[in-house]
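For clarity, chains are labelled A, B, C and D in written order, and residue numbers in each chain start from 1.
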(Lines give C-alpha, C1' and ligand atoms only; values in the text may rest on other atoms or scores of the structure.)
Protein backbone atom coordinates (compact mmCIF):
# COMPACT_ATOMS: atom_id res chain seq x y z
CA UNK A 1 0.00 0.00 0.00
CA UNK A 2 1.48 3.27 -1.18
CA UNK A 3 -0.33 5.49 1.29
CA UNK A 4 2.26 4.82 4.02
CA UNK A 5 5.10 5.83 1.71
CA UNK A 6 3.12 8.99 0.99
CA UNK A 7 2.70 9.79 4.65
CA UNK A 8 6.39 9.13 5.33
CA UNK A 9 7.45 11.44 2.49
CA UNK A 10 5.20 14.27 3.74
CA UNK A 11 7.28 17.18 5.14
CA UNK A 12 5.15 17.21 8.33
CA UNK A 13 4.87 14.06 10.45
CA UNK A 14 1.34 12.94 11.35
CA UNK A 15 -0.05 13.29 14.86
CA UNK A 16 -0.82 9.57 14.96
CA UNK A 17 1.27 6.41 15.23
CA UNK A 18 2.04 5.39 11.66
CA UNK A 19 0.73 1.89 12.22
CA UNK A 20 -2.62 3.12 13.56
CA UNK A 21 -2.88 5.53 10.65
CA UNK A 22 -2.08 2.77 8.15
CA UNK A 23 -4.76 0.50 9.58
CA UNK A 24 -7.29 3.32 9.75
CA UNK A 25 -6.74 4.46 6.15
CA UNK A 26 -6.93 0.92 4.79
CA UNK A 27 -10.10 -0.03 6.67
CA UNK A 28 -11.79 3.35 6.20
CA UNK A 29 -11.35 3.13 2.42
CA UNK A 30 -12.72 -0.41 2.48
CA UNK A 31 -15.61 0.69 4.69
CA UNK A 32 -16.52 3.50 2.29
CA UNK A 33 -16.59 1.15 -0.70
CA UNK A 34 -18.40 -1.61 1.22
CA UNK A 35 -21.15 0.77 2.37
CA UNK A 36 -21.72 2.12 -1.17
CA UNK A 37 -21.92 -1.47 -2.46
CA UNK A 38 -24.17 -2.67 0.41
CA UNK A 39 -26.62 0.21 -0.16
CA UNK A 40 -26.80 -0.67 -3.85
CA UNK A 41 -27.17 -4.41 -3.17
CA UNK A 42 -29.93 -3.80 -0.58
CA UNK A 43 -31.77 -1.61 -3.09
CA UNK A 44 -31.60 -4.45 -5.63
CA UNK A 45 -33.00 -7.07 -3.21
CA UNK A 46 -36.68 -8.09 -3.50
CA UNK A 47 -36.89 -7.66 0.28
CA UNK A 48 -35.91 -4.00 0.01
CA UNK A 49 -38.91 -2.95 2.11
CA UNK A 50 -37.07 -4.30 5.15
CA UNK A 51 -33.80 -2.63 4.14
CA UNK A 52 -34.77 1.05 3.98
CA UNK A 53 -32.96 2.02 7.16
CA UNK A 54 -29.99 -0.14 6.13
CA UNK A 55 -29.66 1.69 2.80
CA UNK A 56 -29.90 5.06 4.53
CA UNK A 57 -27.25 4.39 7.17
CA UNK A 58 -24.99 2.79 4.54
CA UNK A 59 -25.14 6.02 2.51
CA UNK A 60 -24.43 8.13 5.61
CA UNK A 61 -21.50 5.93 6.63
CA UNK A 62 -20.02 5.99 3.11
CA UNK A 63 -20.11 9.79 3.01
CA UNK A 64 -18.70 10.17 6.51
CA UNK A 65 -15.96 7.64 5.74
CA UNK A 66 -14.77 9.72 2.83
CA UNK A 67 -14.55 13.04 4.63
CA UNK A 68 -12.93 11.47 7.69
CA UNK A 69 -10.19 9.86 5.61
CA UNK A 70 -9.44 13.22 4.02
CA UNK A 71 -9.30 15.12 7.28
CA UNK A 72 -7.03 12.50 8.87
CA UNK A 73 -4.72 12.54 5.85
CA UNK A 74 -4.35 16.35 5.84
CA UNK A 75 -1.47 16.33 8.28
CA UNK A 76 0.26 19.57 7.22
CA UNK A 77 -1.77 22.02 9.29
CA UNK A 78 -4.10 19.87 11.37
CA UNK A 79 -6.98 21.16 13.51
CA UNK A 80 -6.79 18.60 16.30
CA UNK A 81 -10.23 19.13 17.85
CA UNK A 82 -11.88 19.02 14.46
CA UNK A 83 -10.14 15.76 13.56
CA UNK A 84 -11.17 14.30 16.90
CA UNK A 85 -14.81 15.31 16.46
CA UNK A 86 -14.94 13.96 12.90
CA UNK A 87 -13.33 10.63 13.88
CA UNK A 88 -15.80 10.31 16.79
CA UNK A 89 -18.68 10.95 14.38
CA UNK A 90 -17.28 8.31 12.02
CA UNK A 91 -17.04 5.81 14.89
CA UNK A 92 -20.73 6.47 15.62
CA UNK A 93 -21.62 5.96 11.96
CA UNK A 94 -19.69 2.66 11.86
CA UNK A 95 -21.47 1.46 14.99
CA UNK A 96 -24.94 2.36 13.67
CA UNK A 97 -24.21 0.81 10.30
CA UNK A 98 -22.75 -2.33 11.91
CA UNK A 99 -25.80 -2.76 14.15
CA UNK A 100 -28.27 -2.29 11.32
CA UNK A 101 -26.39 -4.55 8.88
CA UNK A 102 -26.05 -7.23 11.58
CA UNK A 103 -29.85 -7.46 11.72
CA UNK A 104 -29.88 -8.60 8.08
CA UNK A 105 -26.68 -10.65 8.15
CA UNK A 106 -28.42 -14.04 8.23
CA UNK A 107 -30.44 -13.13 5.15
CA UNK A 108 -27.94 -11.16 3.05
CA UNK A 109 -24.25 -11.95 2.70
CA UNK A 110 -23.48 -8.32 1.72
CA UNK A 111 -24.95 -7.13 5.03
CA UNK A 112 -22.92 -9.72 6.93
CA UNK A 113 -19.67 -8.56 5.32
CA UNK A 114 -20.56 -4.87 5.71
CA UNK A 115 -21.27 -5.38 9.44
CA UNK A 116 -17.86 -7.02 9.80
CA UNK A 117 -16.01 -4.24 7.96
CA UNK A 118 -17.84 -1.55 9.97
CA UNK A 119 -16.90 -3.33 13.22
CA UNK A 120 -13.23 -3.29 12.23
CA UNK A 121 -13.48 0.34 11.16
CA UNK A 122 -15.01 1.27 14.52
CA UNK A 123 -11.95 -0.31 16.19
CA UNK A 124 -9.59 1.56 13.85
CA UNK A 125 -11.31 4.82 14.84
CA UNK A 126 -10.93 3.92 18.52
CA UNK A 127 -7.20 3.39 17.99
CA UNK A 128 -6.87 6.87 16.45
CA UNK A 129 -8.95 8.44 19.22
CA UNK A 130 -6.45 7.27 21.88
CA UNK A 131 -4.02 9.92 20.58
CA UNK A 132 -6.24 12.81 21.48
CA UNK A 133 -5.53 14.61 24.73
CA UNK A 134 -8.87 14.29 26.55
CA UNK A 135 -12.57 13.71 26.39
CA UNK A 136 -14.44 16.36 24.51
CA UNK A 137 -17.84 17.26 25.86
CA UNK A 138 -19.83 18.63 23.00
CA UNK A 139 -22.62 20.97 23.81
CA UNK A 140 -25.73 20.37 21.76
CA UNK A 141 -26.90 23.96 21.72
CA UNK B 1 -35.40 27.51 -3.96
CA UNK B 2 -36.70 24.06 -4.83
CA UNK B 3 -35.18 22.24 -1.88
CA UNK B 4 -38.04 23.26 0.43
CA UNK B 5 -40.61 21.92 -2.04
CA UNK B 6 -38.59 18.69 -2.10
CA UNK B 7 -38.61 18.42 1.68
CA UNK B 8 -42.35 19.14 1.82
CA UNK B 9 -43.09 16.44 -0.78
CA UNK B 10 -41.02 13.83 1.10
CA UNK B 11 -43.27 11.13 2.63
CA UNK B 12 -41.53 11.56 6.01
CA UNK B 13 -41.46 14.96 7.72
CA UNK B 14 -38.04 16.24 8.84
CA UNK B 15 -37.08 16.38 12.50
CA UNK B 16 -36.28 20.09 12.19
CA UNK B 17 -38.38 23.21 11.78
CA UNK B 18 -38.74 23.74 8.04
CA UNK B 19 -37.46 27.30 8.26
CA UNK B 20 -34.28 26.29 10.13
CA UNK B 21 -33.72 23.51 7.62
CA UNK B 22 -34.21 25.89 4.69
CA UNK B 23 -31.69 28.37 6.10
CA UNK B 24 -29.22 25.61 6.93
CA UNK B 25 -29.35 23.98 3.49
CA UNK B 26 -29.00 27.30 1.68
CA UNK B 27 -26.05 28.52 3.77
CA UNK B 28 -24.33 25.13 3.95
CA UNK B 29 -24.35 24.83 0.16
CA UNK B 30 -22.96 28.35 -0.10
CA UNK B 31 -20.34 27.58 2.55
CA UNK B 32 -19.18 24.46 0.66
CA UNK B 33 -18.75 26.40 -2.57
CA UNK B 34 -17.17 29.39 -0.86
CA UNK B 35 -14.58 27.23 0.91
CA UNK B 36 -13.61 25.42 -2.33
CA UNK B 37 -13.24 28.78 -4.06
CA UNK B 38 -11.33 30.38 -1.16
CA UNK B 39 -8.85 27.47 -1.04
CA UNK B 40 -8.25 27.84 -4.76
CA UNK B 41 -7.93 31.63 -4.57
CA UNK B 42 -5.49 31.42 -1.62
CA UNK B 43 -3.40 28.92 -3.57
CA UNK B 44 -3.25 31.39 -6.48
CA UNK B 45 -2.12 34.33 -4.29
CA UNK B 46 1.56 35.33 -4.28
CA UNK B 47 1.34 35.42 -0.51
CA UNK B 48 0.38 31.73 -0.37
CA UNK B 49 3.12 31.02 2.18
CA UNK B 50 0.94 32.76 4.77
CA UNK B 51 -2.20 30.93 3.62
CA UNK B 52 -1.24 27.27 4.09
CA UNK B 53 -3.42 26.74 7.13
CA UNK B 54 -6.22 28.73 5.51
CA UNK B 55 -6.18 26.45 2.43
CA UNK B 56 -6.16 23.35 4.63
CA UNK B 57 -9.10 24.34 6.83
CA UNK B 58 -11.02 25.56 3.76
CA UNK B 59 -10.67 22.08 2.23
CA UNK B 60 -11.75 20.41 5.48
CA UNK B 61 -14.76 22.71 5.86
CA UNK B 62 -15.82 22.16 2.22
CA UNK B 63 -15.75 18.36 2.66
CA UNK B 64 -17.57 18.47 6.01
CA UNK B 65 -20.17 20.86 4.59
CA UNK B 66 -21.03 18.37 1.87
CA UNK B 67 -21.48 15.33 4.06
CA UNK B 68 -23.43 17.30 6.68
CA UNK B 69 -25.90 18.59 4.10
CA UNK B 70 -26.50 15.05 2.91
CA UNK B 71 -27.03 13.61 6.36
CA UNK B 72 -29.43 16.40 7.32
CA UNK B 73 -31.39 15.92 4.08
CA UNK B 74 -31.79 12.15 4.53
CA UNK B 75 -34.93 12.47 6.61
CA UNK B 76 -36.56 9.11 5.82
CA UNK B 77 -34.79 6.98 8.44
CA UNK B 78 -32.68 9.43 10.45
CA UNK B 79 -30.08 8.46 13.04
CA UNK B 80 -30.58 11.37 15.42
CA UNK B 81 -27.35 11.09 17.41
CA UNK B 82 -25.32 10.74 14.25
CA UNK B 83 -26.92 13.84 12.71
CA UNK B 84 -26.26 15.75 15.93
CA UNK B 85 -22.59 14.71 16.05
CA UNK B 86 -22.05 15.58 12.38
CA UNK B 87 -23.73 18.99 12.70
CA UNK B 88 -21.61 19.71 15.80
CA UNK B 89 -18.49 18.78 13.85
CA UNK B 90 -19.58 21.05 11.00
CA UNK B 91 -20.14 23.92 13.45
CA UNK B 92 -16.55 23.39 14.69
CA UNK B 93 -15.24 23.41 11.11
CA UNK B 94 -17.13 26.63 10.34
CA UNK B 95 -15.71 28.28 13.46
CA UNK B 96 -12.11 27.25 12.68
CA UNK B 97 -12.44 28.32 9.07
CA UNK B 98 -14.07 31.63 10.04
CA UNK B 99 -11.28 32.38 12.54
CA UNK B 100 -8.51 31.56 10.09
CA UNK B 101 -10.08 33.43 7.18
CA UNK B 102 -10.72 36.45 9.42
CA UNK B 103 -6.95 36.73 9.96
CA UNK B 104 -6.51 37.37 6.23
CA UNK B 105 -9.69 39.38 5.65
CA UNK B 106 -7.95 42.75 5.45
CA UNK B 107 -5.58 41.44 2.78
CA UNK B 108 -7.83 39.19 0.71
CA UNK B 109 -11.45 39.89 -0.16
CA UNK B 110 -12.11 36.15 -0.72
CA UNK B 111 -11.06 35.44 2.87
CA UNK B 112 -13.27 38.27 4.15
CA UNK B 113 -16.32 36.86 2.35
CA UNK B 114 -15.50 33.29 3.35
CA UNK B 115 -15.23 34.29 7.02
CA UNK B 116 -18.63 35.94 6.77
CA UNK B 117 -20.29 32.93 5.13
CA UNK B 118 -18.73 30.56 7.69
CA UNK B 119 -20.04 32.73 10.53
CA UNK B 120 -23.56 32.53 9.15
CA UNK B 121 -23.21 28.79 8.62
CA UNK B 122 -22.08 28.36 12.23
CA UNK B 123 -25.30 30.12 13.30
CA UNK B 124 -27.38 27.94 11.00
CA UNK B 125 -25.80 24.85 12.61
CA UNK B 126 -26.61 26.25 16.06
CA UNK B 127 -30.26 26.66 15.04
CA UNK B 128 -30.42 23.01 13.97
CA UNK B 129 -28.70 21.85 17.14
CA UNK B 130 -31.47 23.37 19.31
CA UNK B 131 -33.73 20.54 18.11
CA UNK B 132 -31.67 17.79 19.66
CA UNK B 133 -32.79 16.43 23.00
CA UNK B 134 -29.70 16.98 25.17
CA UNK B 135 -26.01 17.52 25.42
CA UNK B 136 -23.95 14.68 24.06
CA UNK B 137 -20.76 13.92 25.89
CA UNK B 138 -18.45 12.21 23.48
CA UNK B 139 -15.80 9.99 24.89
CA UNK B 140 -12.46 10.37 23.18
CA UNK B 141 -11.41 6.74 23.58
CA UNK C 1 -25.21 34.86 -3.51
CA UNK C 2 -21.64 35.26 -2.33
CA UNK C 3 -20.08 32.85 -4.80
CA UNK C 4 -19.87 35.53 -7.51
CA UNK C 5 -18.04 37.89 -5.15
CA UNK C 6 -15.66 35.00 -4.43
CA UNK C 7 -15.00 34.39 -8.10
CA UNK C 8 -14.48 38.11 -8.74
CA UNK C 9 -11.97 38.36 -5.87
CA UNK C 10 -9.97 35.36 -7.13
CA UNK C 11 -6.55 36.44 -8.49
CA UNK C 12 -7.16 34.42 -11.69
CA UNK C 13 -10.20 35.17 -13.85
CA UNK C 14 -12.37 32.16 -14.78
CA UNK C 15 -12.43 30.78 -18.30
CA UNK C 16 -16.21 31.19 -18.45
CA UNK C 17 -18.54 34.18 -18.72
CA UNK C 18 -19.30 35.21 -15.14
CA UNK C 19 -23.04 35.06 -15.74
CA UNK C 20 -22.90 31.50 -17.10
CA UNK C 21 -20.73 30.47 -14.18
CA UNK C 22 -23.12 32.09 -11.70
CA UNK C 23 -26.11 30.26 -13.17
CA UNK C 24 -24.22 26.98 -13.32
CA UNK C 25 -23.00 27.12 -9.73
CA UNK C 26 -26.43 28.05 -8.39
CA UNK C 27 -28.31 25.33 -10.32
CA UNK C 28 -25.64 22.65 -9.83
CA UNK C 29 -25.74 23.12 -6.04
CA UNK C 30 -29.53 22.94 -6.15
CA UNK C 31 -29.36 19.86 -8.38
CA UNK C 32 -27.00 18.09 -5.96
CA UNK C 33 -29.30 18.74 -3.00
CA UNK C 34 -32.45 17.91 -4.96
CA UNK C 35 -31.05 14.56 -6.11
CA UNK C 36 -29.99 13.56 -2.57
CA UNK C 37 -33.45 14.49 -1.31
CA UNK C 38 -35.28 12.76 -4.19
CA UNK C 39 -33.31 9.51 -3.63
CA UNK C 40 -34.24 9.59 0.04
CA UNK C 41 -37.91 10.43 -0.66
CA UNK C 42 -38.16 7.63 -3.28
CA UNK C 43 -36.69 5.18 -0.77
CA UNK C 44 -39.36 6.21 1.76
CA UNK C 45 -42.26 5.72 -0.69
CA UNK C 46 -44.36 2.55 -0.46
CA UNK C 47 -44.00 2.24 -4.23
CA UNK C 48 -40.21 2.01 -3.92
CA UNK C 49 -40.14 -1.15 -6.04
CA UNK C 50 -40.82 1.05 -9.09
CA UNK C 51 -38.21 3.62 -8.02
CA UNK C 52 -35.02 1.54 -7.86
CA UNK C 53 -33.50 2.98 -11.00
CA UNK C 54 -34.64 6.48 -9.97
CA UNK C 55 -32.84 6.19 -6.62
CA UNK C 56 -29.69 4.92 -8.32
CA UNK C 57 -29.46 7.66 -10.94
CA UNK C 58 -30.31 10.28 -8.31
CA UNK C 59 -27.30 9.13 -6.26
CA UNK C 60 -25.06 9.16 -9.34
CA UNK C 61 -26.22 12.64 -10.35
CA UNK C 62 -25.74 14.00 -6.81
CA UNK C 63 -22.14 12.72 -6.68
CA UNK C 64 -21.32 13.97 -10.18
CA UNK C 65 -22.87 17.36 -9.40
CA UNK C 66 -20.54 17.80 -6.45
CA UNK C 67 -17.31 16.99 -8.23
CA UNK C 68 -18.27 19.04 -11.28
CA UNK C 69 -18.97 22.14 -9.19
CA UNK C 70 -15.55 21.79 -7.57
CA UNK C 71 -13.67 21.35 -10.82
CA UNK C 72 -15.43 24.33 -12.42
CA UNK C 73 -14.69 26.49 -9.35
CA UNK C 74 -10.96 25.66 -9.30
CA UNK C 75 -10.06 28.42 -11.72
CA UNK C 76 -6.45 29.04 -10.64
CA UNK C 77 -4.72 26.35 -12.71
CA UNK C 78 -7.49 24.83 -14.83
CA UNK C 79 -7.15 21.71 -16.97
CA UNK C 80 -9.48 22.72 -19.79
CA UNK C 81 -10.05 19.29 -21.36
CA UNK C 82 -10.70 17.72 -17.98
CA UNK C 83 -13.26 20.41 -17.09
CA UNK C 84 -14.93 19.89 -20.47
CA UNK C 85 -15.12 16.12 -20.04
CA UNK C 86 -16.48 16.39 -16.49
CA UNK C 87 -19.13 18.97 -17.48
CA UNK C 88 -20.17 16.74 -20.41
CA UNK C 89 -20.49 13.80 -18.03
CA UNK C 90 -22.58 15.93 -15.67
CA UNK C 91 -24.85 16.97 -18.56
CA UNK C 92 -25.37 13.26 -19.32
CA UNK C 93 -26.17 12.54 -15.66
CA UNK C 94 -28.70 15.41 -15.57
CA UNK C 95 -30.37 14.12 -18.73
CA UNK C 96 -30.62 10.53 -17.43
CA UNK C 97 -31.89 11.69 -14.07
CA UNK C 98 -34.39 14.08 -15.68
CA UNK C 99 -35.74 11.33 -17.97
CA UNK C 100 -36.10 8.82 -15.15
CA UNK C 101 -37.67 11.30 -12.71
CA UNK C 102 -40.08 12.48 -15.43
CA UNK C 103 -41.50 8.93 -15.61
CA UNK C 104 -42.62 9.25 -11.97
CA UNK C 105 -43.55 12.95 -12.02
CA UNK C 106 -47.31 12.35 -12.14
CA UNK C 107 -47.12 10.11 -9.07
CA UNK C 108 -44.49 11.85 -6.94
CA UNK C 109 -44.09 15.61 -6.56
CA UNK C 110 -40.41 15.19 -5.55
CA UNK C 111 -39.70 13.45 -8.86
CA UNK C 112 -41.53 16.20 -10.78
CA UNK C 113 -39.42 18.91 -9.11
CA UNK C 114 -36.21 16.92 -9.49
CA UNK C 115 -36.85 16.42 -13.22
CA UNK C 116 -37.35 20.17 -13.57
CA UNK C 117 -34.15 21.05 -11.69
CA UNK C 118 -32.13 18.50 -13.70
CA UNK C 119 -33.50 19.97 -16.95
CA UNK C 120 -32.31 23.43 -15.93
CA UNK C 121 -28.96 22.05 -14.84
CA UNK C 122 -28.53 20.32 -18.21
CA UNK C 123 -29.06 23.73 -19.85
CA UNK C 124 -26.57 25.36 -17.48
CA UNK C 125 -23.98 22.71 -18.46
CA UNK C 126 -24.70 23.38 -22.14
CA UNK C 127 -24.02 27.10 -21.59
CA UNK C 128 -20.64 26.30 -20.02
CA UNK C 129 -19.78 23.85 -22.79
CA UNK C 130 -20.09 26.61 -25.43
CA UNK C 131 -16.84 28.08 -24.11
CA UNK C 132 -14.74 25.06 -25.01
CA UNK C 133 -12.77 25.21 -28.24
CA UNK C 134 -14.07 22.15 -30.11
CA UNK C 135 -15.76 18.81 -30.05
CA UNK C 136 -13.86 16.19 -28.13
CA UNK C 137 -14.04 12.67 -29.48
CA UNK C 138 -13.41 10.33 -26.63
CA UNK C 139 -12.10 6.92 -27.44
CA UNK C 140 -13.67 4.16 -25.42
CA UNK C 141 -10.63 1.89 -25.36
CA UNK D 1 -10.17 -7.35 0.27
CA UNK D 2 -13.87 -7.56 1.11
CA UNK D 3 -15.10 -5.53 -1.83
CA UNK D 4 -15.02 -8.55 -4.16
CA UNK D 5 -17.11 -10.60 -1.73
CA UNK D 6 -19.53 -7.66 -1.68
CA UNK D 7 -19.76 -7.56 -5.45
CA UNK D 8 -20.27 -11.34 -5.64
CA UNK D 9 -23.06 -11.22 -3.05
CA UNK D 10 -24.89 -8.42 -4.94
CA UNK D 11 -28.14 -9.72 -6.53
CA UNK D 12 -27.16 -8.16 -9.89
CA UNK D 13 -23.88 -9.14 -11.55
CA UNK D 14 -21.61 -6.29 -12.64
CA UNK D 15 -21.13 -5.39 -16.29
CA UNK D 16 -17.35 -5.79 -15.94
CA UNK D 17 -15.02 -8.78 -15.54
CA UNK D 18 -14.68 -9.29 -11.79
CA UNK D 19 -10.90 -9.19 -11.97
CA UNK D 20 -10.86 -5.86 -13.81
CA UNK D 21 -13.34 -4.45 -11.33
CA UNK D 22 -11.27 -5.70 -8.38
CA UNK D 23 -8.11 -4.08 -9.74
CA UNK D 24 -9.95 -0.86 -10.58
CA UNK D 25 -11.56 -0.51 -7.15
CA UNK D 26 -8.33 -1.21 -5.32
CA UNK D 27 -6.21 1.23 -7.35
CA UNK D 28 -8.89 3.91 -7.55
CA UNK D 29 -9.23 3.97 -3.76
CA UNK D 30 -5.46 4.18 -3.46
CA UNK D 31 -5.34 6.92 -6.10
CA UNK D 32 -7.95 8.98 -4.22
CA UNK D 33 -6.01 8.76 -0.97
CA UNK D 34 -2.65 9.34 -2.64
CA UNK D 35 -3.88 12.50 -4.40
CA UNK D 36 -5.33 13.96 -1.17
CA UNK D 37 -2.05 13.24 0.58
CA UNK D 38 0.11 14.58 -2.28
CA UNK D 39 -1.88 17.84 -2.39
CA UNK D 40 -1.37 18.27 1.35
CA UNK D 41 2.34 17.40 1.18
CA UNK D 42 2.92 19.79 -1.75
CA UNK D 43 1.18 22.55 0.21
CA UNK D 44 3.55 21.91 3.14
CA UNK D 45 6.71 22.08 0.98
CA UNK D 46 8.79 25.25 1.03
CA UNK D 47 8.86 25.05 -2.76
CA UNK D 48 5.06 25.30 -2.92
CA UNK D 49 5.26 28.13 -5.45
CA UNK D 50 6.25 25.54 -8.05
CA UNK D 51 3.54 23.13 -6.95
CA UNK D 52 0.37 25.19 -7.45
CA UNK D 53 -0.80 23.29 -10.51
CA UNK D 54 0.19 20.00 -8.89
CA UNK D 55 -1.98 20.72 -5.85
CA UNK D 56 -4.90 21.74 -8.06
CA UNK D 57 -4.86 18.64 -10.29
CA UNK D 58 -4.33 16.42 -7.23
CA UNK D 59 -7.54 17.83 -5.72
CA UNK D 60 -9.42 17.34 -8.99
CA UNK D 61 -8.17 13.78 -9.38
CA UNK D 62 -9.08 12.90 -5.76
CA UNK D 63 -12.65 14.16 -6.23
CA UNK D 64 -13.08 12.44 -9.59
CA UNK D 65 -11.66 9.20 -8.17
CA UNK D 66 -14.31 9.14 -5.49
CA UNK D 67 -17.31 9.68 -7.72
CA UNK D 68 -16.03 7.23 -10.33
CA UNK D 69 -15.61 4.46 -7.76
CA UNK D 70 -19.17 5.01 -6.60
CA UNK D 71 -20.67 4.98 -10.07
CA UNK D 72 -18.77 1.82 -11.03
CA UNK D 73 -19.86 0.09 -7.81
CA UNK D 74 -23.56 0.90 -8.30
CA UNK D 75 -24.22 -2.17 -10.41
CA UNK D 76 -27.94 -2.67 -9.66
CA UNK D 77 -29.37 -0.31 -12.27
CA UNK D 78 -26.38 0.93 -14.25
CA UNK D 79 -26.44 3.73 -16.82
CA UNK D 80 -23.80 2.36 -19.19
CA UNK D 81 -23.05 5.54 -21.16
CA UNK D 82 -22.76 7.55 -17.97
CA UNK D 83 -20.35 5.05 -16.43
CA UNK D 84 -18.29 5.09 -19.62
CA UNK D 85 -18.13 8.90 -19.72
CA UNK D 86 -17.19 9.13 -16.03
CA UNK D 87 -14.46 6.46 -16.34
CA UNK D 88 -13.07 8.27 -19.41
CA UNK D 89 -13.00 11.52 -17.44
CA UNK D 90 -11.22 9.75 -14.59
CA UNK D 91 -8.64 8.34 -17.02
CA UNK D 92 -8.00 11.91 -18.22
CA UNK D 93 -7.61 13.12 -14.64
CA UNK D 94 -5.14 10.33 -13.87
CA UNK D 95 -3.11 11.18 -16.96
CA UNK D 96 -2.98 14.91 -16.16
CA UNK D 97 -2.11 14.24 -12.53
CA UNK D 98 0.53 11.67 -13.51
CA UNK D 99 2.16 14.09 -15.98
CA UNK D 100 2.21 16.98 -13.50
CA UNK D 101 3.48 14.87 -10.59
CA UNK D 102 6.17 13.34 -12.82
CA UNK D 103 7.61 16.84 -13.33
CA UNK D 104 8.32 17.03 -9.57
CA UNK D 105 9.23 13.38 -9.01
CA UNK D 106 12.97 13.99 -8.76
CA UNK D 107 12.43 16.61 -6.09
CA UNK D 108 9.58 15.17 -4.05
CA UNK D 109 9.10 11.51 -3.20
CA UNK D 110 5.34 12.03 -2.69
CA UNK D 111 5.04 13.29 -6.26
CA UNK D 112 7.02 10.32 -7.54
CA UNK D 113 4.72 7.84 -5.79
CA UNK D 114 1.60 9.74 -6.80
CA UNK D 115 2.68 9.71 -10.47
CA UNK D 116 3.17 5.96 -10.24
CA UNK D 117 -0.22 5.31 -8.63
CA UNK D 118 -1.96 7.57 -11.20
CA UNK D 119 -0.26 5.65 -14.03
CA UNK D 120 -1.58 2.37 -12.69
CA UNK D 121 -5.03 3.87 -12.20
CA UNK D 122 -5.05 5.10 -15.79
CA UNK D 123 -4.38 1.50 -16.88
CA UNK D 124 -7.13 0.19 -14.61
CA UNK D 125 -9.55 2.67 -16.23
CA UNK D 126 -8.43 1.49 -19.68
CA UNK D 127 -9.20 -2.11 -18.69
CA UNK D 128 -12.72 -1.14 -17.66
CA UNK D 129 -13.24 0.89 -20.83
CA UNK D 130 -12.67 -2.20 -23.00
CA UNK D 131 -16.07 -3.48 -21.85
CA UNK D 132 -18.01 -0.65 -23.40
CA UNK D 133 -19.61 -1.26 -26.79
CA UNK D 134 -18.08 1.51 -28.89
CA UNK D 135 -16.40 4.86 -29.09
CA UNK D 136 -18.47 7.70 -27.77
CA UNK D 137 -18.13 10.99 -29.59
CA UNK D 138 -19.02 13.73 -27.14
CA UNK D 139 -20.25 16.96 -28.54
CA UNK D 140 -18.87 20.00 -26.80
CA UNK D 141 -21.86 22.24 -27.42
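The rule is short, and it goes like this: a contact is a pair of C-beta atoms (placed from the backbone, for glycine too) under 8 Å apart; a residue touches a chain by one contact, two chains touch by 3 or more.
A quick note: this is a predicted structure, and the numbers were derived from the prediction, not measured.
Peer 1: Between B-D and B-C, which chain pair is linked by the larger number of C-beta contacts?
Peer 2: By the number of C-beta pairs in contact, the winner is B-C.
Peer 1: Looking at CA centres, what chain is most distant from chain B?
Peer 2: Farthest by centroid: D.
Peer 1: Cα centroid separation between chain B and chain C, in whole Å?
Peer 2: 21
Peer 1: Measuring centre to centre with CA averages, how many angstrom lie between chain B and chain D?
Peer 2: The computed centroid separation for chain B versus chain D comes out at 27 Å.
Peer 1: Multi-chain contacts only, two chains or more: what residues does chain D have there?
Peer 2: Where chain D meets two or more other chains at a single residue, that happens at 40, 43-44, 52, 56, 59, 66, 70, 74, 76-77.
Peer 1: Work through the pairs of chains, note which ones touch, and then classify the graph as line, ring, star, complete or other.
Peer 2: Basically all the chains touch each other, so complete.
Peer 1: Can you name the residues of chain C that touch chain A in the complex?
Peer 2: Of all residues in chain C, those touching chain A are 40, 43-44, 48-49, 52, 55-56, 59.
Peer 1: Within the complex, which stretch of chain D touches chain C?
Peer 2: 52-53, 56-57, 59-60, 63-64, 66-67, 70-71, 74, 76-79, 81-82, 84-86, 88-89, 92-93, 96, 126, 129-130, 132-141
Peer 1: Chain C touches which residues of chain B in the complex?
Peer 2: 1-3, 5-7, 9-12, 25, 29-30, 32-34, 36-38, 40-41, 43-46, 62, 66, 69-70, 73-77, 108-110, 113-114, 116-117
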